[in-house]
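Chain naming follows the written order as A, B, C and D, and within any one chain the residues start at number 1.
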Amino acid sequence: MTSGAGAPTRAEIMVFAACREVRDGDCVFVGVGLPNLAVQLALRLHAPRCHLIYESGVFGARPVRLPISIGDPCLVSGAAQVLPMAETFLYFLQGGRTDLGFLGAAQIDRYGNLNTTVVGPDYDHPRVRLPGAGGAPDIALNARRTVVIARQDRRKFVERLDFRTTVGWAEGGTSRRAMGAPGGGPARVITDLGVYGFDAGTREMTLESVHPGVTLEQVREATGWDLKVSSSLGATEAPDEAMLRLLREELDPDRIYLKG
Amino acid sequence: MTSGAGAPTRAEIMVFAACREVRDGDCVFVGVGLPNLAVQLALRLHAPRCHLIYESGVFGARPVRLPISIGDPCLVSGAAQVLPMAETFLYFLQGGRTDLGFLGAAQIDRYGNLNTTVVGPDYDHPRVRLPGAGGAPDIALNARRTVVIARQDRRKFVERLDFRTTVGWAEGGTSRRAMGAPGGGPARVITDLGVYGFDAGTREMTLESVHPGVTLEQVREATGWDLKVSSSLGATEAPDEAMLRLLREELDPDRIYLKG
Amino acid sequence: MQEAVSRFVRDGDTVVLEGFTHLIPFAAGHEIIRQRRRDLALVRLTPDLLMDQMVAAGAARKLIFGWLGNPGVGSLHAVRRAVERAYPGPLEIEEYSHFGLLCRYKAAASGLPFFPLRGYRGTDLPRVNPHLKQVVCPFTGETLDAVSALHADVAIVNAQRADSQGNTQIWGLVGAQREAAFAARRVIVVVEEIVPEDVVRADPNRTQIPSVVVDAVVEEPWSAHPSFVQGYYDRDNAAYLAWDRITRDPAELERYLDEWVHGLPDRAAYLTRLGEVTQDRLRPGPRLAGPVDYGDYR
Amino acid sequence: MQEAVSRFVRDGDTVVLEGFTHLIPFAAGHEIIRQRRRDLALVRLTPDLLMDQMVAAGAARKLIFGWLGNPGVGSLHAVRRAVERAYPGPLEIEEYSHFGLLCRYKAAASGLPFFPLRGYRGTDLPRVNPHLKQVVCPFTGETLDAVSALHADVAIVNAQRADSQGNTQIWGLVGAQREAAFAARRVIVVVEEIVPEDVVRADPNRTQIPSVVVDAVVEEPWSAHPSFVQGYYDRDNAAYLAWDRITRDPAELERYLDEWVHGLPDRAAYLTRLGEVTQDRLRPGPRLAGPVDYGDYR
């Protein structure tokens, strides 16, 4: 890494890892924040023909600034199509037209099920009231692949969710298929410590790579269950200088999302 | 009737009778031909604030020429709203926003049920294949009032329909209500011979007025069942000279619909 | 057009040809006839002149529809001969109300196996169409009607304009164009004009169909004649009136197909034959939509 | 606005306040607070700053929603205090996914008692929301989810412009504005501009809501601030960031309501207080939609 750029932060490594999940031509359901940066980066690198969809009703967005929310006006100006919100869900998600969706979570379990509803055992008297479901259950149910992006610690990576807002691989194995979920299920989890896949048989989350400077011990410490580790565990690929420049100078010059 | 205008034709009397069924402020589902002339006339006379809806997806049409079909481009230019066709049915009809609908038919029975599907007893080998249902069943089911406009003869006014495309008062009495039809049912039938209402109890079609120059005998001859006649049977009100001028000179100058 | 039909329309396909009075895909239908496709199940809310021609040409084994006729004029005699007398061959029919067929498109576009509606109570349609069923509301207990999803093999959708990727814009009657496109496995869009991407992206609310569901974009001016295209040309009512005469006589209909379809290589030749005078007669004067500002957000 | 709220919003009403990130009815919500409406069931896909304010002001007994938060910033602390600690009073909640709530609007707008969807399998939501049921497809036998129709007493819908009759046009995100309006018994439309009828009728495809469902049209520039209106102004992100601080402290929130809502007679006063500098900062440069010709058909 040369002096001009400076070493990549963990957020930048996350964005770059997420970016690699985007394939050219994909219809991608994007959220704000890191997923948005990841897709913007993919558009400029290897996936110039991917389509950005926002549940607010935008298809083919071409934002000229960093959107603050999934309904930012910059997503509309210059987009290919604006749809009623219901049709975005009906036609793009439930209709099976979505290749990739990004999700976040307050809690995640070993099968990639997510909680964004409440923290605490009693729904009626929650310790923390979280935002709720939004569009996540439908992205998770219908997209051909989903990728979860979250910072990792023991309160987040839990043995047991307080509430299951969004289904991943359900109870693992074939249980997701058995409930008739049409989409392809979670493909990756990307955190500030490492990148995870899911075992093709058990569907359990499996650590595939750790970020530069992170130890396996640190990852285990930050996981609330006995973590499965890939036999071919490697180091997460870091973005090169050109990519960092793109991220820092063009996509998020004010370091809104790339702080940490 | 002065020389300038000439006596009203039966078609003109039909249009005028239909025109009187329109109330100011009504949302009216219009067809082409006579209903369209009737609503145009109503707009210029007593119902300037009625809204013209066409199942093609137009709300608040203001055609500057006589539309040839329910999808004529003149219905779009200058309209208040164009909707996807599905939403016209979902929101305006099934959603209960329609006050008045006009219908036509190849066959009608004493309860105002209509056939526009086949003539002949065998559906699979029809004597005459008619156009089919189109938007009629939903107008009949949902509008607060429906008005049927048809020329009258024994092949049209039948004891028993060959096919029931569109429900009127079903088997009469409370049978329509019992099947859960949300709309108000047929209010009037207007033919080239007379005007009919429906008995408030039995819901049987009842002759209320005969057109000038038509005898009760002629009407009975043209009806395929033992016709009920109102005890206050009168003569159908004829349009006055100003109305005729409007019809002939402004609304249908080429006599496309007012021939007969 | 030749390539699009040849690649995406196959014998035996279920083909949705939409466009309600407006934007009827005559050019595409003629190309299907010309390429002698067979055994098609043709789906359309309002089968009209084009369906009469396709049935007469022997392209169809089945018609799925809501209302059939020559709008404002009369009957489709070729269709009637097929249904009433199996002439020149039998034609299977499956009929709905407009609303029922719209709901079939909606269900398929939405990834639902069925769509609920209130629409068939009191009618004989369920008696002759086994695809009309019922469903009970889990909240009120009310029995509603239900139609199944209609997943077509191909949808052919006409529009005013699209970019080369297939982002397609329509104004005036939008009919069921969007639902038909999302409900089909393959989509051919036929437009009056292919425009630069910037034109489409300057007004994203105007886009009916996104590129991602479109397999081919064909630029073919006057491709909806004798139906109309809002802002481009009017319905050629003389042709609709003439059709009533032509379709009554199978021999004359055959001559029409020979002269206007089989005998012409493509739509350009059709246009030449149609002549400038007719085109000029059908062009409306301008009536502009007025400006709208999306704002430049940086 | 004062008259519209006073006439059409009543204590105990179910009130839909829509506008997805865009066109959020702040002016109407503030007027509801100012008139001290009570016991409202507030319905909104994404309860945000405005809902936090209305809950803090004691207007709401219940929140029906899909996602609650300060978008891009953080939590709604007044709502959280009410849900987590019943402070200052309890708040009933009924939650859906966005899609589920959209389907409730769709059902009501369409005169259906329920709407089928695939949406809740594998989630705990049906466990805590008894309004989520299931329905079996009569064609495939598949079990689907179902939500009931949501018939609101009032819907408040912001838009760019309308004519005086209520024919309402929106561009940019249309959200669920049309469904919300058709689903409600009474509808208040709040627009940046009331325009002559001819402006609306020059572009009927742009009309989202027809006059016939609208009970009141209110012209109120900047009525969606601090949210945005496409082509008119940008989101005032400073206000969203500031809210995170204000809402954490009940006393400061109280002061905010006193200063910006109760202490002001109307939206004009709010605008004056907001100041020209802020308004200028939020106005985007122009980016026009480009011309479209509907044609003059005579």
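Here is the rule we go by: a contact is a pair of C-beta atoms (placed from the backbone, for glycine too) under 8 Å apart; a residue touches a chain by one contact, two chains touch by 3 or more.
On a predicted model such as this, the values are computed, not experimentally measured, just so you know.
Asks: When the contacting C-beta pairs are counted for B-D and for A-D, which pair yields the higher total?
Replies: Here the pair linked by more C-beta pairs in contact is A-D.
Asks: How big is the gap, in whole Å, between where the Cα atoms of subunit B centre and where those of subunit D centre?
Replies: Averaging C-alpha atoms per chain gives centres 40 Å apart.
Asks: Just give me the whole-number Å value for how far the CA centre of subunit A lies from that of subunit B.
Replies: Computed from C-alpha means, the inter-chain centre distance equals 58 Å.
Asks: Averaging only over C-alpha atoms, locate the centres of subunit A and subunit D and give their separation in whole Å.
Replies: 28
Asks: Roughly how many whole angstrom separate the Cα centroids of subunit C and subunit D?
Replies: Distance between chain centres: 37 Å.
Asks: Please set out, as single numbers or ranges, the residues of subunit C touching at least two other chains.
Replies: Touching at least two other chains: 111-112, 117-118, 142, 171-172, 174, 178, 202, 205, 230, 234, 284, 287, 294-298.
Asks: Check each residue of subunit A and list the ones that touch at least two other chains.
Replies: Counting only residues that touch two or more other chains, subunit A contributes 58, 72-73, 76-78, 82, 93-94, 142, 182.
Asks: Going by the touch rule stated at the top, which chains touch which?
Replies: Result of the pairwise touch check is A-C, A-D, B-C, B-D, C-D.
Asks: Residues of subunit B touching subunit D in their complex?
Replies: Against subunit D, subunit B makes touches at 27, 51, 58-60, 62, 64-65, 72-74, 76-82, 87, 90-91, 93-97, 142, 182.
Asks: Which residues of subunit D touch subunit A in the complex?
Replies: 20-22, 45-46, 65-69, 71-72, 75, 79-80, 83-84, 95-100, 102-103, 105-106, 117-125, 127-128, 142-143, 171-176, 178-179, 228, 230, 234-235, 237, 284, 287
Asks: Okay, in this complex, where on subunit C does subunit A touch?
Replies: 109-112, 163, 165, 167, 178, 182, 200-202, 204-205, 207, 210-213, 294-298
Asks: Sort out for me which residues of subunit A touch subunit D in the complex.
Replies: Its residues touching subunit D are 32-33, 55-58, 68-73, 76-78, 82-86, 89, 93-94, 113, 117, 123, 125-129, 131-138, 141-142, 163-167, 170, 176, 179-182.
Asks: Inside the complex, what are the residues of subunit C that reach subunit D?
Replies: These residues of subunit C touch subunit D: 111-118, 133-140, 142, 144, 146, 148, 171-172, 174, 199, 202-203, 205-206, 230-232, 234, 284-298.
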